[in-house]
Amino acid sequence: MGEVAANGFSINGNGHVYNDAYVNRNGTANGHAVHHANGNCNGITTAVATNGLPGIRNRAFGDGRRRCFWYEEEVEENLRWCFALNSILHTGVSNYQDIALLDTEPFGKALVIDGKLQSAEVDEFIYHELLVHPSLVCHPNLKSVFIMGGGEGSTAREVLRHKNVKKVVMCDIDKEVVDFCRKYLVVNREAFCSSRLELVINDARAELESRDERFDVIVGDLADPVEGGPCYQLYTKSFYELVLKPKLSHRGVFVTQAGPAGVLTHTEVFSSIYNTLRQVFKYVVPYTAHIPSFADTWGWVMASDHPLTIDAEEIDGRIEQRIKGELRYLDGETFMAASTLNKSVRTSLLKETHVYTEETARFVYGHGKACHKS
Amino acid sequence: MGEVAANGFSINGNGHVYNDAYVNRNGTANGHAVHHANGNCNGITTAVATNGLPGIRNRAFGDGRRRCFWYEEEVEENLRWCFALNSILHTGVSNYQDIALLDTEPFGKALVIDGKLQSAEVDEFIYHELLVHPSLVCHPNLKSVFIMGGGEGSTAREVLRHKNVKKVVMCDIDKEVVDFCRKYLVVNREAFCSSRLELVINDARAELESRDERFDVIVGDLADPVEGGPCYQLYTKSFYELVLKPKLSHRGVFVTQAGPAGVLTHTEVFSSIYNTLRQVFKYVVPYTAHIPSFADTWGWVMASDHPLTIDAEEIDGRIEQRIKGELRYLDGETFMAASTLNKSVRTSLLKETHVYTEETARFVYGHGKACHKS
Amino acid sequence: MGEVAANGFSINGNGHVYNDAYVNRNGTANGHAVHHANGNCNGITTAVATNGLPGIRNRAFGDGRRRCFWYEEEVEENLRWCFALNSILHTGVSNYQDIALLDTEPFGKALVIDGKLQSAEVDEFIYHELLVHPSLVCHPNLKSVFIMGGGEGSTAREVLRHKNVKKVVMCDIDKEVVDFCRKYLVVNREAFCSSRLELVINDARAELESRDERFDVIVGDLADPVEGGPCYQLYTKSFYELVLKPKLSHRGVFVTQAGPAGVLTHTEVFSSIYNTLRQVFKYVVPYTAHIPSFADTWGWVMASDHPLTIDAEEIDGRIEQRIKGELRYLDGETFMAASTLNKSVRTSLLKETHVYTEETARFVYGHGKACHKS
Amino acid sequence: MGEVAANGFSINGNGHVYNDAYVNRNGTANGHAVHHANGNCNGITTAVATNGLPGIRNRAFGDGRRRCFWYEEEVEENLRWCFALNSILHTGVSNYQDIALLDTEPFGKALVIDGKLQSAEVDEFIYHELLVHPSLVCHPNLKSVFIMGGGEGSTAREVLRHKNVKKVVMCDIDKEVVDFCRKYLVVNREAFCSSRLELVINDARAELESRDERFDVIVGDLADPVEGGPCYQLYTKSFYELVLKPKLSHRGVFVTQAGPAGVLTHTEVFSSIYNTLRQVFKYVVPYTAHIPSFADTWGWVMASDHPLTIDAEEIDGRIEQRIKGELRYLDGETFMAASTLNKSVRTSLLKETHVYTEETARFVYGHGKACHKS
C-alpha cells in the first residue's frame, strides 16, 4: 500500500490517532502539549494547551474565522455534506480501494474509503454498538462469531467486549485496509491484538465455504451493495441460503448493516435487504438509528430461525452480565425504540417485493468499487 | 426553446409552487408539459416531454452531469449541507427576517428564513405531524388551539385536520412571512382560508397576555432560541409559568419544537428546554425524530399537569376518529418509539441542570435574528 | 415586504435585465425602487431604496453575512470558481445546449451556456472589444463583416458601432440561444434590431459555403473546440484554407477567439489555433487579456495575407473616426501591450508544432457539447 | 511555532517539498517512487510509479473521479476560488499569523498565510520575477538591496541571482514564517544559505530607521494593507517620504507589490499606492500581470527620483549580463507590455486622488492580521 506518512497527531511514537480519550471529545489524552491544525483560514493552526499557561492560543469553536480546508462528501450528486478539515492524517491505497484517515472539525477523526465516510470518532459507537450487540445479546449461549468485512476493527472490538465469546473470526478481503486501521486506529489496537481474534484476509464467501465449523452469530459489516462491485453478491438470497445460513449454529443469528434507512432513502437497499432475508429466515428484525456524521438514519437487519424477541429488561440484564464496560448508545429501551420503525418506513418495508439476487441487485449511490466496509 | 418562467412550477395560473402533488414526489400533477430548470451545469434546463417527440431531451436524475447551482446551509461554521438548486422561486424581506422559497433537487421546494432551512416539501410532514398530533391526540376533549409562531401555515394545516377543533388562533409576529407563505405555499392555502382559523399578527407573549380565554393545546412553533433575538424569551421558565400556563384550560397541554436533538447536538437547547419545562409542569414528554433535510434528529417536548400517557392503540384509535385523511409518519407505535430516547440522549437529559431564564439563555448556532419559526 | 419578482431587474415592463446602466455598476438606472435578491443567507433579499424612506434596509457589500446561493463553475475538475448568486433570472434549453441568465454578486448578470460562463455584465466589454475592434480597425476600408456564432449579440453590437460598416451577417446555429439573448439581454437589444444586421440560423461552414459574397472581416465567436462537439471543425486548417479564406475580400482579415491563454493554459488550444492559422495566412497576430470573470487570461488571433501592423496612434485615430461612443478597454496602447505576449507564452507559441485538423483536434476542459459561443 | 510534522513528501530526509524540479510541472525530481495523495474521492491516493511496473495505478488528470479534499479561498465574501487538495503538508503558527504549506492539484505546492494564498509552485515565478528584476535591472550600478518582508525567501532568491549584488538585507517581522519557509521551501534553500544575505527579524520601519547605510534598491514584499493590521503603515506617504526615501542611495529605486490590479479590483489599493508614490517620487512606473493562482491581475509600482526608462533591448542586455540562469516570464518586451496598462486601468489610475496616510488607509478584502507578505 502506498501509504503516506503524515501523522499530524504523532505523539511520542506509540499512541497516536483515534485517541482513546475520544469519549470525551474535548478531553486531552495526556499531559503533552499537542499542536494541531484546525483548518481555520484566519488561524490555521491551534495550540491546545493542557497546562493552562497563558500565551498559548486556544481556539475554540465559534471564533468566527473561516475554515479553508474541507472534506466534501457527495451523498448524492445533488447533495453534499462538507466537513471542515483539520488535516489529512494518513492516506493509503490498496488493490481494492483507497483509504484516508482525516481529522475533521465537526466529527473528529474520520475514516474514509473510496470517498465515503466509513466511521467518525465522535459517533462510530452508535453504528458499532447497534451492529454488534443486539444479535449477540439475543443469542442465549454465545461462543463464536464470524465477521464478514469489518477491517476497521471496531466491529471486532465490540464483539470482544462480550466476555463469553471464545472466538471471533474476522474476514476482510483487503489486507491494506486492515493494516492501515491496525496501525492508525489506536482505539482498536487492543482488539487487533486479542488472542481470541482470528484475522483472515479472504473473500467472505470463499472463507465461509471453506470452513467446517458453524458460528453462533455472523455479522455482516460489508460495504453497501454497489454497482459493478463484487460485494453485492454477499447480499443475495442465494448467498444467504446456500452459503451463510448453513454456517450458523443451532439458534444462530445473522445480522447485517443494511444501508441508509431514512424516510427518503430506505428503499435504496434497506427494504430490499429486509425482504430478501425474510425469504430465507423465519424471524427478521429490522432496526434503525440516526448517525449524525452519515447525515442519515442507518439500518441493520437481524435474522434467525429462532424467535428474536427478548424484552428491554432482559436485554439490560444480559448487557450487564456479558459485556465489559458500559455501552453508550444501546440498552433495552433503546433497542425497543430502534426496532420500532416509524409508520412511513414500516409500511414501505411491508410492501417491498424486491428480492436481492445476482440478477436483480439494487445499489446505493456512488459507493465506488469498495466491497468490504471496514 | 422551453423557456422557464421564473416560477418554475407555474401551472395553469392558479396552483403553483409547493405543488399539492408533493406527496408523490415523482408524480406529475397534470398532463401539461412542464419545463423546469434542474440546476445541472451541462444541461441547465430540462424539457420534460409528455408527447414523446424526438429531439426533446429528458434529463433524468443520475445523468452524471454536474450541478452548478447550490444552496449552502452552514449547519455550524465547520459543517455545510449543500443542495443542488433548481431555482430560486421567490424571495422576500420583512422587518424581522428574510425569506426565500427554493426549488431544490434533493428535497423539493424549500422554505428558507434567514439562511436556515425551515421546511422542505419532501419531509416537512415529519416535523409537522410530530409537532401537532401527539399533544392534540393526548387531549381528551380538544376544542381550541393556540399556535405561537407557525407563519408557514403548515402547523395550522395539521391542527385543522382535527375535526373536533373549533378554533385555532395562530399568532405570528411577522406579517410578511405569513403573507409570503399564504401566497406561495399552495399546500397550505386551504388552511389559511379556513373559517376556524384566527390569524393574528402580534408577539405571542403580548397576545397571550391580552386574551382572557384559555386553550386546550398551545403549540410552540417558534424559531430556536437565538442569541440577540427576542425569541428566546418565549422559552424561559418565567414565560412558561407566568404567561403560558395560565392560558391552558383544565387538562391543557403545551408542546413546543425544541431544536436539534441528535446524540451530538441535544445539549444545545433541547435538554435545557426539557429541564425548564420540568420545573413548570408535572408531566413532561420529550420525543425526537430524524428529519433528513435538517441533517439532524429533531426534538419536541410535550408538557401538562395531567398525565400524558396513552398507549399506542389508543393513539391509533383517536387518530382514526379525529383526524381527516391519513397521517404519513405518525401512529401509535411511531410515537412510542419517538418518545423512547436512546440511552445516550436520555441519560444526558436526566443530568441536565440548566434552566432557561432570560439571564441564562442558551442558543443554537447562527440562526440569525428570526424569532418565529414559520 | 419587499417582495421580489423572479426577474430581479424587471423595471417598468419593457427593458429588464442586463441593465443598460451596467457601465456604472453601482449606478441606479432610474428613479424606481428596485428590489432584488442578494443571495445573502442572513438577509436573503435586499430593498434598494432610491427614495430614502426609512425602514427599507440597504444591504451593501461587506455586511459580513454569509451568502447561501452559489453558482459553481468547474474550471477544471480540480479547480472551482464560485460566485454568490442573487437569482437565476431565466433558463432555457435548445437542441444544442442549455442556457441560463444569472444575477451574480461579484460579476453582475451572467450568461451561462452548458455550465460555462460565456459573458458577465461587468467585464464582457473586455472580451468583445478585443474580439471585434482590432481587426475592424486594421482593415483600411471596412464595409462588411461576417460573424460565425455570436448568438449573444454582443459581438454584433460592437461591430455595429463601426459607422462605415454597411452589412453584418451573424450566423449562429442555435435559434433558441439567439432568441433567449434577444429577449433578455437588454444591452444588445438595439443591435438585434439594426437594419444593418442580417441574422441567419445556420451552421457557419454551410452558410459561408453557400454565399457568393466576400467579407472584409470574418469574426469567429465560436465556443472553444470541444471533444465530441461539431464546433472544433471550425478551427481546422482545412476549414480556414478551403472555406473561410476564399470568402475574405482583398485585404480581408480573420479574427477568432482562441480560448484560454494564461501561462498555465495557453497550450490547451491557443497555441495550436495560432500555429494552425500560421499555416494558412501570411500575417498572424495573437493577443491576450485577463478577463476577471473567466479567472484566466484569454486569447484571440487575428490573421490576414496583408500586413496587420498599424501603430498605436493610428489605431487611436481610427477608433476616434470610425467608432460610435467611447471604448472602455481598448485603445492603441492597450492593443500594443495585448499583442506583446510575455516571454513564457511567446516562447511556447513559437515552439508549437500542432496543426488543427479533424484528426488531430485538441480540446479544452469540459465545455459540454456547445458549438457556438454566443 | 507550533509546527506540525506532516511532510507528505519527505524523501530521504534532505530535499523534500517545493521540489526543485517545479519548472517542469510534470517532471519527476528523482528516481524514487513517490506516493502521494491526490485528493481524489474515488481514489484517494496515488502511486506514481517510476519503474513502469504493472499493477501500480497511475492516476492522471481527467480520470473523471471526484476530488473530495478542497482548499477554499474567499477572494471576496461573494467569490470563492477552490483548489483540489492533495495534502496539507505542514502547518505552523506564529505570534503574527498562521501558515500552511499545501499540495494542491491545480497549482502544485502552495504557501498559505492567514487563509490567503501567498505563492504557488507553478506560477510564483511570475510574481517574483516581476517584483524583483525590473527595478534591479533599471539600476545602473546595483550593489545593495533591502527587502521589506519577503519571509518566504523567493524574493531574496531572485535578488541573489544578480551577480553584482554584494549585499541583500531581508527584514521580516515574523521569525516563525521565516523558519517555516527556510525549512520547507526547498527551492529557496540555497538563497537562505547565501553569505550575501543578511536576514533580520524586525519591523521593516524600525530596521530602516536604525540603519545608517543606504540601499540601491528597496523592495516592498509586504502583505497587502489590511484593516486593523500594522502593515498598512508601510504603505503611507509619510513612511515613504520620511523613512524609506532617505535610505535610498543616489539613483536608488523603490519597488513594491501593490495588490490586485485587475479591471475590477485595481481601485482597492493599487491605484492608491500608485498615487501615493507619485506624491513622493519624480518617476513612478506601475505595471501588472495576471497570476493564475491568484485569480487576478496583480500590480507592482516602481519609483525613483531618476528616470526609469530603459528600452526593451537594454533590459534584455542587462538581464543577459547580470542575472544567473534564464528568466521564465520577464524580458524586455514583456516589461514593456506589463508597464503599458490597458485604457480602463490607466485612465482610472490617472484619476486617482487618494493618498495613503495613516488616517486615510484603504484595505483589501479580508487579509487577516498578517503584515509581512513572505
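Order as written gives the chain letters A, B, C and D; numbering starts at 1 within each chain.
By definition in this document, contacts are C-beta pairs under 8 Å (C-beta built on N, C-alpha and C of every residue); 3 or more make two chains touch, one makes a residue touch a chain.
Bear in mind that the values here come from a model prediction, so they are computed numbers and not experimental data.
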When you check each chain against chain C and chain D, which touch both of them?
none
Please indicate which chain is farthest from chain C, where distance is taken between mean Cα coordinates of the chains.
A
CA centroid of chain B to CA centroid of chain D, Å:
52
CA centroid of chain A to CA centroid of chain B, Å:
32
Using mean C-alpha positions as chain centres, tell me how far chain A is from chain D in Å, no decimals.
46
For chain B, residues that touch 2 or more chains besides their own
66-67, 70
Would you identify the shape of the chain contact graph, picking one of line, ring, star, complete or other?
ring
Strictly by the criterion at the top, what is the full list of touching chain pairs?
A-B, A-D, B-C, C-D
Partner chain B, residues of chain A touching it in the complex
39, 61-62, 64, 66-67, 70, 76-84, 104-106, 122-123, 126, 262-265, 289-290, 292, 295-297, 327-331, 333-334, 336-338, 340-344, 346
Chain D partner, complex, touching residues on chain A are 2-8, 10, 35-37, 40-47, 57, 65-66, 68-74, 85, 87-88, 91-93, 98-100, 112, 114-115, 366, 368-369
